[in-house]
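First the structure, which I've put down as structure tokens, then a few questions once you've had a look.
Just so it is clear, A, B, C, D, E, F, G and H label the chains in written order, and each chain counts residues from 1 on its own.
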Amino acid sequence: MNTDSIRKLLKGVSAGTTSVPEALDVLKHLPYEDLGFAKIDTHRDLRTGFPEVVYCEGKTIEQITGLVRSLPSGGFLMGTRADAGVYDAVKAVRSDTVYHESARIILVGEGREKRSEKAILVVSAGTSDQPVAEEAAVTAEAMGNAVERLYDVGVAGIHRLLDHSDKLTLANVLVVVAGMEGALASIVGGLVDRPVIAVPTSVGYGASFHGLSALLTMLNSCAPGVAVVNIDNGFGAGYMASVINRTCEAP
Amino acid sequence: MNTDSIRKLLKGVSAGTTSVPEALDVLKHLPYEDLGFAKIDTHRDLRTGFPEVVYCEGKTIEQITGLVRSLPSGGFLMGTRADAGVYDAVKAVRSDTVYHESARIILVGEGREKRSEKAILVVSAGTSDQPVAEEAAVTAEAMGNAVERLYDVGVAGIHRLLDHSDKLTLANVLVVVAGMEGALASIVGGLVDRPVIAVPTSVGYGASFHGLSALLTMLNSCAPGVAVVNIDNGFGAGYMASVINRTCEAP
Amino acid sequence: MNTDSIRKLLKGVSAGTTSVPEALDVLKHLPYEDLGFAKIDTHRDLRTGFPEVVYCEGKTIEQITGLVRSLPSGGFLMGTRADAGVYDAVKAVRSDTVYHESARIILVGEGREKRSEKAILVVSAGTSDQPVAEEAAVTAEAMGNAVERLYDVGVAGIHRLLDHSDKLTLANVLVVVAGMEGALASIVGGLVDRPVIAVPTSVGYGASFHGLSALLTMLNSCAPGVAVVNIDNGFGAGYMASVINRTCEAP
Amino acid sequence: MNTDSIRKLLKGVSAGTTSVPEALDVLKHLPYEDLGFAKIDTHRDLRTGFPEVVYCEGKTIEQITGLVRSLPSGGFLMGTRADAGVYDAVKAVRSDTVYHESARIILVGEGREKRSEKAILVVSAGTSDQPVAEEAAVTAEAMGNAVERLYDVGVAGIHRLLDHSDKLTLANVLVVVAGMEGALASIVGGLVDRPVIAVPTSVGYGASFHGLSALLTMLNSCAPGVAVVNIDNGFGAGYMASVINRTCEAP
Amino acid sequence: MNTDSIRKLLKGVSAGTTSVPEALDVLKHLPYEDLGFAKIDTHRDLRTGFPEVVYCEGKTIEQITGLVRSLPSGGFLMGTRADAGVYDAVKAVRSDTVYHESARIILVGEGREKRSEKAILVVSAGTSDQPVAEEAAVTAEAMGNAVERLYDVGVAGIHRLLDHSDKLTLANVLVVVAGMEGALASIVGGLVDRPVIAVPTSVGYGASFHGLSALLTMLNSCAPGVAVVNIDNGFGAGYMASVINRTCEAP
Amino acid sequence: MNTDSIRKLLKGVSAGTTSVPEALDVLKHLPYEDLGFAKIDTHRDLRTGFPEVVYCEGKTIEQITGLVRSLPSGGFLMGTRADAGVYDAVKAVRSDTVYHESARIILVGEGREKRSEKAILVVSAGTSDQPVAEEAAVTAEAMGNAVERLYDVGVAGIHRLLDHSDKLTLANVLVVVAGMEGALASIVGGLVDRPVIAVPTSVGYGASFHGLSALLTMLNSCAPGVAVVNIDNGFGAGYMASVINRTCEAP
Amino acid sequence: MNTDSIRKLLKGVSAGTTSVPEALDVLKHLPYEDLGFAKIDTHRDLRTGFPEVVYCEGKTIEQITGLVRSLPSGGFLMGTRADAGVYDAVKAVRSDTVYHESARIILVGEGREKRSEKAILVVSAGTSDQPVAEEAAVTAEAMGNAVERLYDVGVAGIHRLLDHSDKLTLANVLVVVAGMEGALASIVGGLVDRPVIAVPTSVGYGASFHGLSALLTMLNSCAPGVAVVNIDNGFGAGYMASVINRTCEAP
Amino acid sequence: MNTDSIRKLLKGVSAGTTSVPEALDVLKHLPYEDLGFAKIDTHRDLRTGFPEVVYCEGKTIEQITGLVRSLPSGGFLMGTRADAGVYDAVKAVRSDTVYHESARIILVGEGREKRSEKAILVVSAGTSDQPVAEEAAVTAEAMGNAVERLYDVGVAGIHRLLDHSDKLTLANVLVVVAGMEGALASIVGGLVDRPVIAVPTSVGYGASFHGLSALLTMLNSCAPGVAVVNIDNGFGAGYMASVINRTCEAP
């Protein structure tokens, strides 16, 4: 039931062709979905500027290109966990597709203009953590943020991190990406007074248990001001950082 | 916004004092809660005969007696995980309180008449599993079901179970309660063609890991027709069995 | 030992050619299997209309086609976790084989007529959960049930689910399939008053730990009337729902 | 080595009583601590207005009152996980001590004026989750934020949550507290476009495994814009929300 | 239905008062239980000499003394995990009760004569493992075996074990009890060519995880000829060793 | 240092060419290995008839054929977890190699004559458990035992097991192999009074967690007389059963 | 058999009263224990200066005082995990008993003189980690080492650690004690080039899982030169550090 | 900012062209990095002789050869977890590359002269543990140590280990490598009085859980003087042993 049918009902009441009890009965049984849908539309408007997001892993090329084809003109779609094969297939459908290989992200359609002046800093520990860090960084950029990167500053050589304390203190929000023992999030959390989004990665072997070690480390961070997303969830961290930045810029 | 205010609005439209666009605007912004609440009421009606349920563990005597005092006359309340102290306190408030000690359940108010002719059979493995089995049985009885009990038929002496195959095949729904290795659910599931609700218990020691062993056993049951609830969740199993019975008796 | 041999023995007693002690001795040593077998036959009769079920994963093509060849004429066999290679091989043996690709199920032989008027609703959260949902749906259909599907209604957009509250409230039994955080089962359980069979899936990554996260969520469901089957066990859920439906239709 | 000693050194160089190589040698061996300490001081200034925080659990009354006694006049100290005994002892030392019993928090000294106009909304699922929710709420209030509470809106009755969609959409940052299956965080994350800090609690039994179930659920949230803190860490969530709010108000 | 009623039935057939079809019908519906029960009786006879076993933990004094009172004269009952209170209560009922305090076992009634000449050797690692070792030893003694003890021979001082290689090689069956890292089972398994029953204990702290460490060690024993029972299950090991000994002495 | 060199030393003492202190010094520094080696030889003699065992998984073809080539004439070698490639390569080296494909075992050299009249019964639950069951059976046969097999008697159809109660009660030792919920070991343990060696298998999916479910089930068996080996360790179970049988036949 | 009896045997051979074959026979049957024991004696000599160690937790006062009474005059005994009750009882037996309350260690008898000039530095993160740190420190002191302490330098305020870089770089061996996220070990490991022994503690709550989080962090340390002991095992770390120091001072 | 710029600044002060307050201001804002960097240089000097280490797993051939190309002349680089493909590619770039195939290590550049006279003994349990053992051994050799190997001395045949007690007691530091049940570390720890670095390996199956079993065993070692590194971390153990050796040789 949409606005039109409600209007029609009310006109009937107004015209006297529908009695009040009849109309009341219809309205009482209004399913959630109709008003709900309206609400969601408004909701979605508030989110304008954020791309549609497709998690490509486990989807077929056909499913992905189908989603791309259904994108309205002017639409903006981000595909995460996309390999080169996905990119090639999507590029064939839409020539305005860009591939961020390290981040495994494709962007289809007109990108957003930069919306936020406040920088998001993505910090990562080791070389192998970089794909997850890039996923966070490219996600935040696609959502209109200025993003700085500070990579390869693992805690085994704490001076490398301290050497960039300026970058750390200038950021509005920080994303910290680390595998193995994941201690970087606590260190950074102790050095800054801005929100830190920690991303454990599955980088490591043996007792890293595919990211469990880093995850527990980050959840137990003795520095406050740190919150955690799922293992390898660079997208989630980039999105969370963007939501914080947008919240800060809301009137 | 309740039925009265919607009726008032419609009367305005009918009387011409409220224009259609005005009414439309009000209705478009109808919060979820109003229609939602109506829906829930109906929903609750369908559930008539089921008591209010209060999980007593972790609540203070004051909180529990408060809930009991707020029970409307004619209301029916079931308190689970209730110890003797809870019973005494509630009994002092409402003299029509009954205590099922082994099941750790109190029932306040006028119990339901038996609503279902179809029997629920509660089967349990060891003596120590009995409190959980009783929680299931008393819950199902409180919800208006005829309940049979078949206790102390653990798989180490499979003949004890087979000796009661009549009881097993006559039940409409079965609840199987077992700790330690929890194999009883698979055995029963292989003997009957009725739904089996399996309840792992925390009974055991060492590698039973507080019920994990029985839980995994039941989830991996090689007999189909078995579904599982949380460890020690006798209430949940009795409730699920009651819902199945009621479903079977719905027109 | 079958009925014939017992009759023969009794005739000997009746004719006086076998003494009572001799007959008693034979009967006392009657192995379980004979009476047991009779019992099982009856038991199996009750189950008429349910196909033989073969779990194909881990079986060779030869083993599977061997089972299909041994199917009596008029028999009905369902193979789960069957890939295209299995289908091709079985199709070559029996031309009346149908393949439900998404559900990974083959059906061999004359399908059952629809036996139940009561609908089973299969609800799933994400696109990747669909194969498990289809396994449940096709299983329930093969067992003679009317099945409705409500897919892609994950809790991140709760309105998509609420928009279909009619479908939810009309179902006799519900199967809810979800991976990742598996919250859908609790939500659905809170909206309906019919039995909900929850199926966690291994969809997800990182801290989903191959379905453990969804499994625990569903076992801890705060909504009663929910019971759980093994991770990815669409078959088990479809079977359990069918058993409930059949139970409801038993005289 | 502090500023004074460096100034003295430089004066020596300027006066010619210390040679450049000598001064260089001293400076080259400047330990981290001196500059570091200066930096930290500045850093701490930025944090002005945030109280000193003492985690009382596992500390003796003597240790806690010692810390309170060492608090400078005008200082502000927050003690978390404080029971009534701690409160009594601290109250005896400092009469300007306030006790938030449900939150188990003591506040010593002059509280901060409200610094932020932007509301933090603390949402909780069950009655038993309330102490953790209160810990988050009182923490955020002590840090100068306006805090709204929305309690007892578990997902088993989703309408109770939807009835308060206004509260949800008006909040600047949300803290969602839930035990058992922890699904509330995903639901709320799907309804708002503001940062959601999820706090799993150890409320539950059996397969809730002391909060593990809720923790995994929240980490696997299919709704983006959700990040997670440690089990029962209401303080951490309130602090994180405060940091986000303060970040939004920084020039 | 017992032997008597079957005999009566057959006599009817023999006398012609019961027709063959009538008798056949009765026999066809013979429930499992009757023949099953007969079978079990025989079965139990084979086990003569083994005491009834009662796991006392979690049972009330009343339940335990009830079981003791129902013990037939000449009966023999073993109670495991029995504390001094249990002993006192049982002793008051039956004066022929003996208490093995360290093993936490009570023996009621006339003990068995020693039935086996073949020795069972119980080996334990540390002082704290001794109660579990004693539970195994006293169990095996109560079942009529000669038992040797070799305690306090942990692997940290391997010479203490090797000094007793004679004891090791003379045993017919060995029970090895160890907590912490549980390595003793592998060492003993490598030194003897007799069956080794390994019992992990919950002795330890930290990463011993209540016996999990020792359990895994023993399951992964690189020495063959080792099988494992549950954590702290001294009774189970003593019983298993007794079964092996009895099997060896069966004709 | 062997017997010869010690004799030589003693002869020197006897002849006066070696002083007592000199000889004492030599003997005091006698490394463990010499006496140890002697002991081990004796030890190994006791084990005569048992083949050398090579775990092939993870070894290269070269390593395996090298071990085969070094086998003394008349030697007997068993290779476990051997695939067809291993067999082909070993067969090329030694023509007297036999391959048990389902058991994944190769036997090289002259097999042992049957040494034990007492039967070992290998019971398995599902078709997929058969390779592990065969590994146990072929191992026991290679060690000179008579082996009976009872396959495909899972607990979902308990009658299939009960139909063979004769086989069960005639066995001297039983090996029970089961995956998924692993309940078969408890059932069999409750039916027999002989030692039961339980082997959990990794057969299953989802919450079977690669055999963990069956392992825990078996460790928590409520039937005594059951001990457990590692997941999928058919060899270990066959070996343990053989050791028990041999122990029973030792003079 | 000790040196004396071997000497006697050899003298017999030398004197001709014992034949070479007779002596050979005696020597061939020399049990492990004799030579082994001799070896151990020597071994123990090398360890001179290390106290006997008694783990008091789980031992009765009687057992502990018994061990103390059996201590030879001049002996030195260390009791770990000793509470005040243990101290009082031991003090009553031996007046030369000293109690380190925070470390929960008692020292009985004449302490060792300091044997090593090389310092062991014990670093700890939080106040609650101090008992474990003290256990390590007092253990190392009791074993004759000079010990420095650097407490309360958790990674949330990394400057507190860096301020003491001199202490860090002067230590010969370092023990790092930390609970919660345990990141301190990696940081220290990255700052020094000496061996670091890491001790995870059970300090924390929620997802610290009683020390598991810190344990995994330390095992996955990205800084090399770090090895780990059991959770809360301060004694083990102090002992390991002492062994390294002694090794460094061995000729 | 480096030494040159500080010298320049001081010269300005000395010359009077820079005022003391100006210089003080510059120095006060000296970022960590400059002094830090100097410190690290010194630090690195101390480590002279240790190669740069590259963990090759998960890096592309391009990334690895890039690192090799950037190696200064006279530099020394060690690549761990390097397969033959990595070796071929690096060899093509630098002809002075050596490949230790079993250890999976490449060494590029002029190896270090042996720096330590004190032997490191690497002990391993099974053939499959050898690659990890070799990684430890080659790492220690590359760092200038004399390394002894004692392989294939698993605890199932304890005599094989005891036969080499001389090797054990002569070592300065020991690395013990074992999978499956990992008991070897405890045994060796009980036999020697030198530091033992234990390395669990992922060798095993079933309940070895990819090395978890061996890891827990080693952490719970009842022999003191044992510390543990990550599963399969041969490099870490070799490095730790080298650090201990170097510490022992420091003046």
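Just so it is clear, contacts are C-beta pairs under 8 Å (C-beta built on N, C-alpha and C of every residue); 3 or more make two chains touch, one makes a residue touch a chain.
Worth saying up front: this structure is predicted, and the values here are computed from it rather than measured.
Enquirer: Considering only chains that satisfy the touch condition with subunit D, which of them also satisfy it with subunit H?
Expert: Output, common partners of subunit D and subunit H: A, G.
Enquirer: For the pairs A-D and D-G, output the one whose chains share more C-beta pairs in contact.
Expert: A-D
Enquirer: Indicate whether more than half of the residue numbers at the subunit E-subunit G interface occur in both copies; give same if so and different if not.
Expert: Result for this pair: different.
Enquirer: Using C-alpha centroids, which chain lies at the maximum separation from subunit B?
Expert: Between subunit B and the rest, the longest centre separation is with H.
Enquirer: So how far apart, in whole Å, are subunit C and subunit F when each is placed at the average of its C-alpha atoms?
Expert: 39
Enquirer: Which whole number of Å gives the spacing of the CA centres of subunit E and subunit H?
Expert: 50
Enquirer: As a quick test, compute the distance in whole Å between the mean CA positions of subunit C and subunit G.
Expert: About 59 Å separates the centre of subunit C from that of subunit G.
Enquirer: Residues touching two or more other chains, restricted to subunit H: which are they?
Expert: Only 32, 36, 39, 157, 162, 165, 191, 206-208, 212, 215, 219-220, 224, 230-231 qualify.
Enquirer: Name the touching chain pairs, please: which are they?
Expert: Here the touching pairs of chains are A-B, A-C, A-D, A-G, A-H, B-C, B-D, B-E, B-F, C-D, C-E, C-F, D-G, D-H, E-F, E-G, E-H, F-G, F-H, G-H.
Enquirer: Report the residues of subunit B in contact with subunit D in the complex, numbered from low to high.
Expert: Residue positions touching the partner: 31-33, 36-37, 39-40, 57-59, 63, 200, 202, 210-212, 215, 230-233.
Enquirer: Residue numbers of subunit A touching subunit H in their complex, please.
Expert: 127-128, 157, 159, 162-166, 203, 205-208
Enquirer: Could you pull out which subunit C residues touch subunit D in their complex?
Expert: Counting only subunit C, the residues touching subunit D are 125-126, 154-158, 162, 180-183, 186-187, 189-191, 204, 206-209, 212-214, 216-224.
Enquirer: Under the definition above, what is the set of subunit A residues touching subunit D in their complex?
Expert: It is residues 39, 43, 46-47, 53, 165, 172-173, 191, 193-195, 197, 215, 219-220, 224-231, 235-237, 239-240, 243-244, 246-248, 250 of subunit A that touch subunit D.
Enquirer: For the complex, which residues does subunit G have touching subunit F?
Expert: Residues of subunit G touching subunit F: 3, 6-7, 10-11, 13-14, 16, 19-20, 23-24, 27-28, 30, 32, 35-36, 38-39.
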